[in-house]
Each structure stands twice: as structure tokens, then as C-alpha cells.
Amino acid sequence: MLRIGILTSGGDCQALNAAMRGVVKGIYSRCDDVEIYGFQEGYKGLIYSNFKMLTSRDFSGILTVGGTILGTSRQPFKLMRVPDENGLDKVEAMKHTYHKLNLNCLVILGGNGTHKTANLLREEGLNVITLPKTIDNDLWGTDMTFGFQSAVDIATDTIDKIHTTATSHNRVFIIEIMGHKVGWVALHAAIAGGADIVLLPEIPYDMDVIVDAINRRKESGKRFTIIAAAEGAVSKKDAKLSKKELKEKQAKRKYPSVAYELAEKVQKRTDQEVRIAVPGHTQRGGSPCPYDRVLSTRLGSAAAEAILDGNYGNMVAIKNDKIVLVPLAEVAGKLKYVDPHSDIIKEAKLTGISFGDK
Amino acid sequence: MLRIGILTSGGDCQALNAAMRGVVKGIYSRCDDVEIYGFQEGYKGLIYSNFKMLTSRDFSGILTVGGTILGTSRQPFKLMRVPDENGLDKVEAMKHTYHKLNLNCLVILGGNGTHKTANLLREEGLNVITLPKTIDNDLWGTDMTFGFQSAVDIATDTIDKIHTTATSHNRVFIIEIMGHKVGWVALHAAIAGGADIVLLPEIPYDMDVIVDAINRRKESGKRFTIIAAAEGAVSKKDAKLSKKELKEKQAKRKYPSVAYELAEKVQKRTDQEVRIAVPGHTQRGGSPCPYDRVLSTRLGSAAAEAILDGNYGNMVAIKNDKIVLVPLAEVAGKLKYVDPHSDIIKEAKLTGISFGDK
Amino acid sequence: MLRIGILTSGGDCQALNAAMRGVVKGIYSRCDDVEIYGFQEGYKGLIYSNFKMLTSRDFSGILTVGGTILGTSRQPFKLMRVPDENGLDKVEAMKHTYHKLNLNCLVILGGNGTHKTANLLREEGLNVITLPKTIDNDLWGTDMTFGFQSAVDIATDTIDKIHTTATSHNRVFIIEIMGHKVGWVALHAAIAGGADIVLLPEIPYDMDVIVDAINRRKESGKRFTIIAAAEGAVSKKDAKLSKKELKEKQAKRKYPSVAYELAEKVQKRTDQEVRIAVPGHTQRGGSPCPYDRVLSTRLGSAAAEAILDGNYGNMVAIKNDKIVLVPLAEVAGKLKYVDPHSDIIKEAKLTGISFGDK
Amino acid sequence: MLRIGILTSGGDCQALNAAMRGVVKGIYSRCDDVEIYGFQEGYKGLIYSNFKMLTSRDFSGILTVGGTILGTSRQPFKLMRVPDENGLDKVEAMKHTYHKLNLNCLVILGGNGTHKTANLLREEGLNVITLPKTIDNDLWGTDMTFGFQSAVDIATDTIDKIHTTATSHNRVFIIEIMGHKVGWVALHAAIAGGADIVLLPEIPYDMDVIVDAINRRKESGKRFTIIAAAEGAVSKKDAKLSKKELKEKQAKRKYPSVAYELAEKVQKRTDQEVRIAVPGHTQRGGSPCPYDRVLSTRLGSAAAEAILDGNYGNMVAIKNDKIVLVPLAEVAGKLKYVDPHSDIIKEAKLTGISFGDK
């Protein structure tokens, strides 16, 4: 008898269900004697022993369904060691649930924060297998996370739609794209959507450069400029602040998000009208794109193999189009940033996209 | 020899090109000896005699293309009679261009403001045929405007995508949908997307009712609430202000748009996190949906007939699925609002959608 | 206590679930004391008393889901009076189930054949309310059926995609569009997709006219021709055959469907390569488009009202954008064909679309 | 002064325009003194000196446009050395055009056949840079070709739509997916769409296995089976025939394509109705997906670099997410097949997909 616990943690994204389906189908194809415990709302379900018994039937027909059938929640890593309001030690509570249910393994789908906790549970002696889920593609140790391409598709669709209306009017459009710490979605959507300017957290911008790019477009007869700005886009000046100083500054700003702040600056320094689009959580929503379904199914299937082979303590990852196992200890706590000197940035610049940096 | 001028005015929308293609194809199918003058950027092109000679070739392949190949601009009606910065009388300038080019007719595609000016030109003796373009569907005299269904499709897609992510988290989502004065897009997208609450300019909301609806959903085990708010959504209190007082109040508010204002109120009065999506101008963008392509092609084709038959001074409209001509004098200056007591509102309420009004 | 039976019959289409959701939400909003019996696979479930008890929960979240949660089957009207293989009288069996469950009303969603049976059940004394479901839009008594616009969207998307590849090569493309008896989907998709030739069951074609249209396009420098052919497209010669003769002829033909037959004829008589696309049942699949969701929700909501008011024996229909009740006796057995002399055909011809008729 | 010739050859696909835009933008960003000759309809334009002078303006706004602005044609490699009907030696004619225009380099976008000819031109002393275009992803030397992911998206969408209608009826659906020689599109679409059975040219099928899989699904209560069949799907028996024998056999078969042949076999050996969808050339059509736009832009940009650096005689490829140059001599004439023993096949089988092979 194999007893598997499974949970999804952190911000949701596309293909979570597809990945879980892959895991469960993969296990059932080699082993019938299995019990699956689905923990509700991420680590919370594990802490408070809130779960449902699931069968293969529950995972049928969810390949294309967005969201997660288990629910999810954010459970900050730094609070994991802090007892809850009733004095319950959360880490001990999770271990208790695990052992009480006599689990052979925990399957955890999540992003960066989730992996830190997963590694902690591994250090505490639990058998853990993780899958790299996040639209941000910022997980170290894998070439690609599922959710990313779906988010790129949606962000690109936003830029595409803005493009047709932009050509009709004389305007600057700012599209705010998800990504507080990393700019992968903004970068790919900007190339795919043919944005004129893209602002990433990893490449601080200079307002003069942006204004200059807008004006040069106008002079060359182009009626509009499209700016794709990651949520974490930051000016060169602000990039010099400490993390704490920056947070304080942002907390004080009058605008709810970076797009509105940029809009005011652009409006002041050019004579063009500015319009804003904030697709927000739509970037996490909807059916996963085929690319993500293939990736998540492959990862899920390989996770099943790792479980059946007892290869615990690993994240299932993709490298050079091969599914591989990467030790959690190597992954936890590391972010994969866009390298400002990478080929893709160079290639994007060659096709005329400005990163606002010079 | 037939000489036709054509222009698109006001905010752009989907199917402008499709409609113009319909007009031009319709004319050429009955008459070869025709010259077409495309005025650039709306009435501006007519005022300043800025135009391109176009042939049927220019209108080939644009059925599916968003935006307008002529460009457009907003030219407020109340400034039409006011001379420009060089003292040029704009109405006289338009008449001058018309007569100088020896036009037989002006084809004007636009919304409410555009129709006021079109009627003015008619009163000044010009031959005018108009087509009802606007995502807002607020033009009096036609059952439907083109652009509307395309905008509904996009707004609905936003709600759909938010839905999948909403089910994974415990949150209130506010989606801001275009419509400052009328709520047609918000109404249809809310029904189509299964929003829980929809706020229209025509039905002032009561914050207590909204909070109550959110809480009742939570108590019944639903983890999330989706609010579709038209840009012009207004509280019962604010609805009592004069137009001028309301404008002043809105100018002073700290939030860039209604979604952010509502978010703060909801966050204060419930214990749920709130997230915002502002699709903005994406609702005007992209390829027209098939419904709009059929509608605009039919309207364009009928406009061609009206021109060839000399039936000037009319808007080409659709009523009970028939294309009809409606005198411009009847149309100009009238808005078609959502009637709070109409069947569709009643039907929507029966399926459980709250309008925040009681 | 209200006891409602509900079933979906005939070929499935988009928005069946949305319509049922509308009915059930509408009933629950006015009446809590209700039992809902969902019959499986259409009339079959009623005949063999195969049903599930359903609650409002079962209808939650299905607004956007294609297909039907009840399953469906074709049950030809002419066999309804014929006992089944065990000698069971089907009509009596349906009445038996109805009375055994003590139903107040049967809600039946279906197309033309379904309505004939529904009317029969009404004549037999059952309380019946029907909803007009079919992608074909061929139901008499309603301006529009749900499923239609979704099918048009998909067929149009096929034409759109073919268009981009067609412009790159020198070819004739034939796209087979659903519609054996009526051509509504083909007509609307052809206009929306900008097809060059459209062939409808209602307008028999002349091969000479088609060949001529293809050659004229080539001579004018257009590299390709797109033909949208309804499944029931018929030549002028074949249109003169009796129904029986035509069936016999079609049974003998070597090709599986009309597109392949047309392709051979075109290939023989022009020097262009021909390519075929048969989207087939994809036209019935996927999430309903927003238009259909609004329509089906409105119809469902109004059906609930009719039930609660005891207005049985009617089809819920839309006429001039109002939801109305139409007596089943008036609807049953009548088809709504495309009128070859209608305005929309005339308008389409004016924009250059050939119907292959002259 | 740099003189560049550019052409697209073979079956068209998505992102051809995007790739050409990348090349041209990349060149202009480093070099203003450039002349671009666009040859019409593939090698034909080079042979018959049929070209247009193009500027950067011609490549603006085509990132999202399907097809190719240059047109394309199939020009079989084996006929390249055969003089045309006027006795013109085609290879010499191409060289003549090249030298007459004093070109520095030819940029050639195409698939397998195209690369054979490109390599031939290289051997004849012309400077050639190629880009790997094909929906089939069967080009040796690159991990990925552009067009592939877009085709997978469309094929998957077909399966998705069939899925919703399949669940409503008791049927087997066969979807014919492009791929005569290789099964990459079918494989990825089948995984992404959750097909039950997938048939690839590389893995001959056994009808008994297919029938068995259908029956087992039925016994387990699943009402339907979805088969994704590549155009080149082949039975174990037929796979043993020589290429010539197989061609002769296929020429004689009564069905226009593999889907219809399979349908007859399935219908005979199960009691389920069978339905067919043949998306055909839609799989080559429409706007390229964001993945393909990024890939083709990167490849185009890198091709520009190769040209400016004089690195001729290479195909621009992607390997392990890096853009690299691969000598044409290594690429020409080799196909990249799906390896029946690869990880992705194993992973797919683990999730329950049958390949009909045992």
C-alpha cells in the first residue's frame, strides 16, 4: 500500500491540475494499491490536517482546467517556524499529520517560497517530491516552470489587443505585467507582442531613455509607443536604495502600482496621452496552454516514477528538454533572474526593443 | 463619377475596417466609376483637408483587422463651432474640403459625439451617411452597434480567467469594465462570465448591499466573489450629486479609477483580500468577433445602397435583425441607456446576480 | 414541493449547461422547496427511468462548460411510437416515469426532432417547457437558438486560419461547415470569414458558376479562392431529385462528404490545387461564446418563470430581443430555412460573395 | 552597401513573417546601407528573377501576421537539377539571379526540402543563411522549428473542442493531425489534449490494440474515445511494405485520408459510432503563438548577426535554449524523427495514452 499526500501552495497558476493529474495517472499506471490524500489550501491543510481522500476519478478531466482542485494559500516561509495563534508549532503539526496518516511521500507543487518549506520538511525527515510551478519562471534548477508559457500567452494577447487600438490613436500605452522580482514574463511577452519598450526588475530604467525612445518613435512617424512594464520595474535611482528603503518608498507612493506611476511621469514629459492596462490575475487564469500541459504532464509522470523508485528529496525539473531530478537542497531559496547580458536580451535589443537602460 | 469621402471618428473599436470594407465593396459591386477619399484621423482630416485617395485594393484583407486604417481622433462637439488656434472656423473648413473635392457624400463611422457633428454637417447641407460604431452600444436608434459584442467577448474572457484563479484563493476580485455613462458591456460580460455582482452607471450601488452579498457567499461556502464594475459605477450617495459636483469629487479622489476605490472600501469592510484587473483598452482591440463582422458588413453593404440610391441624411441601423435607415435628426445627441426595469435585468437577477442596489 | 425533470436531447451543442444552470438558478431564486431529476442521455433516460437527483450545487460552475452534464442521444421521432426491442411502448414508458416521479414539469432542451417529441408528450398530457438548442439555428418560432453563434465563431476561426495560409499559396480551399438541411452557420461564417464562395442547402449551386468565380479571381491577380460549403450543399441538378433519389445517390458516392466531392470537381475543371478542411464536431464543442451564454441564461431564467407561473406547453424563445413563450403546437415539426431572397443574402452578394447560383 | 536576398520556400507556416522581421530589424539596427530583395513564391522567384525591393517598412507590423508576405511554393529538390519546360537550368538560373543582383547573401526560410536546395546553392558558391521553418519540427540540427508550437496549439484546440462534445455522446472520435513522415505535432497535441490513443508514423499500430483500448475504456464506464492520428499513421502490416509498395497501396485506397480509413475499421470492429475531424491546413494558419514569435525573432536576430559577421553556410538553430549556427552540410537531407524509446513517449504512456503498439 502506497500512501501519497499532495498539496499546491503559493499563488495559483495554470497547469497545477494538469501536473497533479500526471502524477496520479503515473502512479496508478504502475501501482493499484494506493491512497491519495489531497491537502486543502496548501500547507495549511497539512498543518491543520484538512484533507480529502482522492481517487483517480478526481483527477480525470482536469487536464485543461485552470486553478487547483485542492485550493492554495500563501504561507510565508519566515512564519513557518513561528507558532500559530493557538501556540501550535506549524512544522511539528505538519510532521504530525504526515506520520499520523502514515504517508510514504508528500508531493508538493509550488514556487520559490514553497520550495523553501519543502526543503525544511525534507530536513525534518519527510519524503518529499516537488514540482516547479510558477508563472514567474524564477525557480532555480529548472529551465522552465509550468504556468510561465500560459502567462506569457495572456500577457502577449493583451499587448496584441492594445496594438490594434494603439495604431488608431496617437498615444503611449503602458501594460503592467506580472513579476515583482523577475521579468521573465514581461521579457517574453514584450518580444512576442512587439512592445517598443520593456522594463524589467533586473534592468533598472532611466526615464530620460524612455522619453527619448518615445520621442524618436514619434519623429519617425510612428503614432504610438507600447511599454510593457513588469510590476517590479525600477528606476536606476531607486535600484540604488536598500530593499527596506525601497519598500518604504513604494508604500508611500500615491499610485496603486507601477503602471500608474510611470504614466504620470511619461505624461509630464511628453505631449502624448497615456493609457494603462493592468491584466493582473488574468495572467494566472484560464486553461493552461498546450506547452504547459505537455510540460506539466511530463513532470507529473516523472514525479510518479521518482516516487515509485523512492527517489525522494528532489524537485522534478526540465533541463535541455530532459526531465531530471534536482536535489531540493540545491534548489531551495535560489531565484533564477533574467541576466541583463544574456543572448535573449541582446537579440531583443537588436530587433529594436528598448529596455530603458541606455 | 461618384466621389465619396470616408472617415472614422471618436474612440476606435473593432470592425471599423470591416464596416468600411463593406461600404466600399458594396459601392464597387454596382458602380465602377468611383473615387474614394479617406480622411485621416477623423474630422481632423476633413477640417485640414488631410486625406488619401483609396482604391478597392486598400480595403481588401482588412475584414479581420482591428483598429482603423484611417486613424481616428476625438473632436469634441462643443468645440466644433469654436475656431481653432489659427482662427480657422472648423465647420466652414469641413464644408470647404467637401465642396473643394466635389464630394457626393460623406460616410462617417462613429459613436454619439460623432453623430452630433454628422448631423450638424447634414444641417449645413452636406450629404451624409453614418454607421453606428461603439463598443458601448449606447447609440440611440439601433438595436446594436458594432464593436459591442467584441468588447463583451474580451471583458468576458477577463472574467473567465479570473474565475479559475479566484476558485483557488479566498478573495474578492474587481474587474473594471469599459463604460463611463452606460453599462451595456459590463451587463452582458457579467451575465456571460457569471460574475456575482455587477455595478452599472444606470443602477447606483449601496456599499452595504455589496458587503452583504460578499459575506453571504462566504457563509454559503463559496470562497470568492467576482465584481464586474463599469468605469462609471456610482454609489447611491454620489448619484444624487449634480454632474458638476460629481466630476469635482472624482477629480479629487486619490484613486486612478473606480476599481481601486471600490477595492479599498471592500477591503475595509470584509476580511477578504481584494485583487483588481483593469483590461482597459484591450476591450477595444484585436480582431472583431464574427458577430461584429457580420453586423458591420451588413451595415456597410446597406450604406452603399443608401449612397447609390441617394438616401442621404441617415444612420444605417439594425432593428429586429433588419437593416434600416434612421434619420440623423432623430439620432443625434441621444443615448441608449440600460433600463433598470428591463427584462434582461430581471432575468439576470433571477439567476442570482446582484446589482448592488438592494 | 416542486418536482422538475430535465433532459437534453439530440446532437449536443454549446450552452446546454449554461441554459440548464439558468433554469435551476431561476427556480431556486424564487422557490426553495424543489426536487430536480436529471434524465440521462436524453429521452432514453426518461424512457428507462435513468436519472440522477440534482441540487443547485450540480449546476454551479457549468456556465462555461461545453457539452451537457446529463449526456444526450438521438432518439428519432419516427421511432418514438415504435416499441423498443423488448416490446416496451416508449411513449407510455415516458409517461410512466413522469407520473411515477410525480413531476410537475419536464424541461426539455433540444432541436427540431426533440421538439416534435416534446409536443407529443404535451399532447399526452405532460407539462412541458422547452428551450431552443441547436447550432443550426433552424428552429421555427425563435430568432435565435443557443449554440449557433458559438458554432459560427468556430467555423469562422477555421476560415480565418485557412486565409493566412491561402494567401501564401496558389490554391482553392474548401471548408465543410455543419448544416445538412439549413445553411445558417455556413452563411454567417462565410460573411464573417470573408469566404469567396458559399454553398448552402437552400441555394443549389451550378458548377460552372463556381469555376467561373475561381477563374475570375485568378485573372484579377488573387492567388486563392476560399469556398465555405455547408454539409448539405447541393447542385442544381441534384436539387431536382426527390429526397429518396438524392439519398440513394449520396449513399453511392465514393466520397465521405461534400467537401471531397466538390474538391474533385474543382480540381478537374481548374488548374489549381485544392485543399480541404473538415472541422466537423469541433463546431459543437468548447466553451459557449459570451453571446450564447447571455442568450441561454436569459432563456433559462425565463423558463424558470414560466414553470413557476404554470405556463406549460411552450418553447421559450427570443423575438426582437425579448424573451417570449411560443406554443409548442406552433413550433413542432417546422424548420427555419435561409430565405434565398432575404436581405442578408442580398447584402452578402453586394460585398462580392458568390453563392454559386448565377 | 549590403545586398540581401530573402525567400520563403515549401509549405507555409506561422511565424515566417516574424522571422523575416527579426532578420531585417536585426540588420538595420547595425547597418543602414542595405538593400533587400524579396523573391516571390520561394525558389521560383530566384529562378525567374521575380522579386520586390523591400524596406524596413515592409517588415513593420507583420510580427503577428500568419502566412508569408513573399508567398511560397513547393519546388521539389529532385527536380532542381532538371531543366524547366523551356530548357532553363534552374540551378544556373538561381546563380545567375544571385550574381546579377550582386547579392552578398541569400536568407532562406524553409523545411527539409528547402534545406537540401539551400545546401546545393552553398556548394555552388553562394552565401547562404537558413532559418528552420516547419510545423513538423522534423529538421535535424535544431531542438525546435518555428511553426511547430502554433500547429500544436491549433491541433490541441481541436481535440479540446471534440472533448466536450465527446463526453455528451457515446462515440469514437478520430482527429487527423498533420504529419506525413513524422509525428511531433500529433504527439504533443495528443498529450496536451488528453487524447486516449495517438498514432504516429514512427510507431506502427496494431488494430487489435486500438480496438482493445476502446473496449476497455467503455467497460470502465468512459463513454468515448479520442484518437489523434497523424496523417502518416501506418499499421504494422503496412510498415513492412517498401516505400513504393506503400505508396501504391495508398493510391488505391478508397478513402481520401487516414482518418476515414481508420474510421471504417473501428466502426466495423466496435459497436460505437465514429466521427471524424480533419483540421487540415488550419494547422498552418493564423497568427503565430507567442512561443513561436519569440523563437523566430531570436533566430531572425541571430541570422542578422551571422550575415553581418559573414558566417555564411549555416542554419540558425536553437539548442538548449541557445541560438547557434549549424553548418548546412550537416543539416541537409536529414529528418528528426520521434524516437519510440524516448523519455517523452515513456512519460506519455505512463499517463495512460495508448500508441496502438501493444
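We just call them A, B, C and D in the order they show up, numbering each chain from 1.
To be clear about the criterion, contacts are C-beta pairs under 8 Å (C-beta built on N, C-alpha and C of every residue); 3 or more make two chains touch, one makes a residue touch a chain.
All values reported here derive from a predicted model rather than from experimental measurement.
Identification of common neighbours of chain A and chain D yields an empty set. If you average the CA atoms of chain C and of chain D, the two centres end up 35 Å from each other.
Distance between chain B and chain D, defined via averaged C-alpha coordinates, is recorded as 42 Å.
Chain geometry summary: the mean Cα position of chain B and that of chain C are 31 Å apart. Touching two or more other chains at once are residues 160, 163, 167, 287 of chain D. Taken as a contact graph, the chains are arranged in a single closed ring, with each chain touching exactly two others.
Across the interface of their complex, chain A is touched by residues 8, 11-12, 14, 16, 41, 65-68, 71-73, 154, 157-158, 160-170, 173, 223, 254-256, 260, 275-287 of chain B.
The residues of chain C lying in touch with chain B in their complex are 21-22, 25-26, 29-30, 61, 63-64, 143, 149, 152-153, 156, 160, 163, 167, 188-189, 191-194, 287, 289-291, 293-294, 297-298, 300-302, 304-305, 320-323, 343-344, 347-352.
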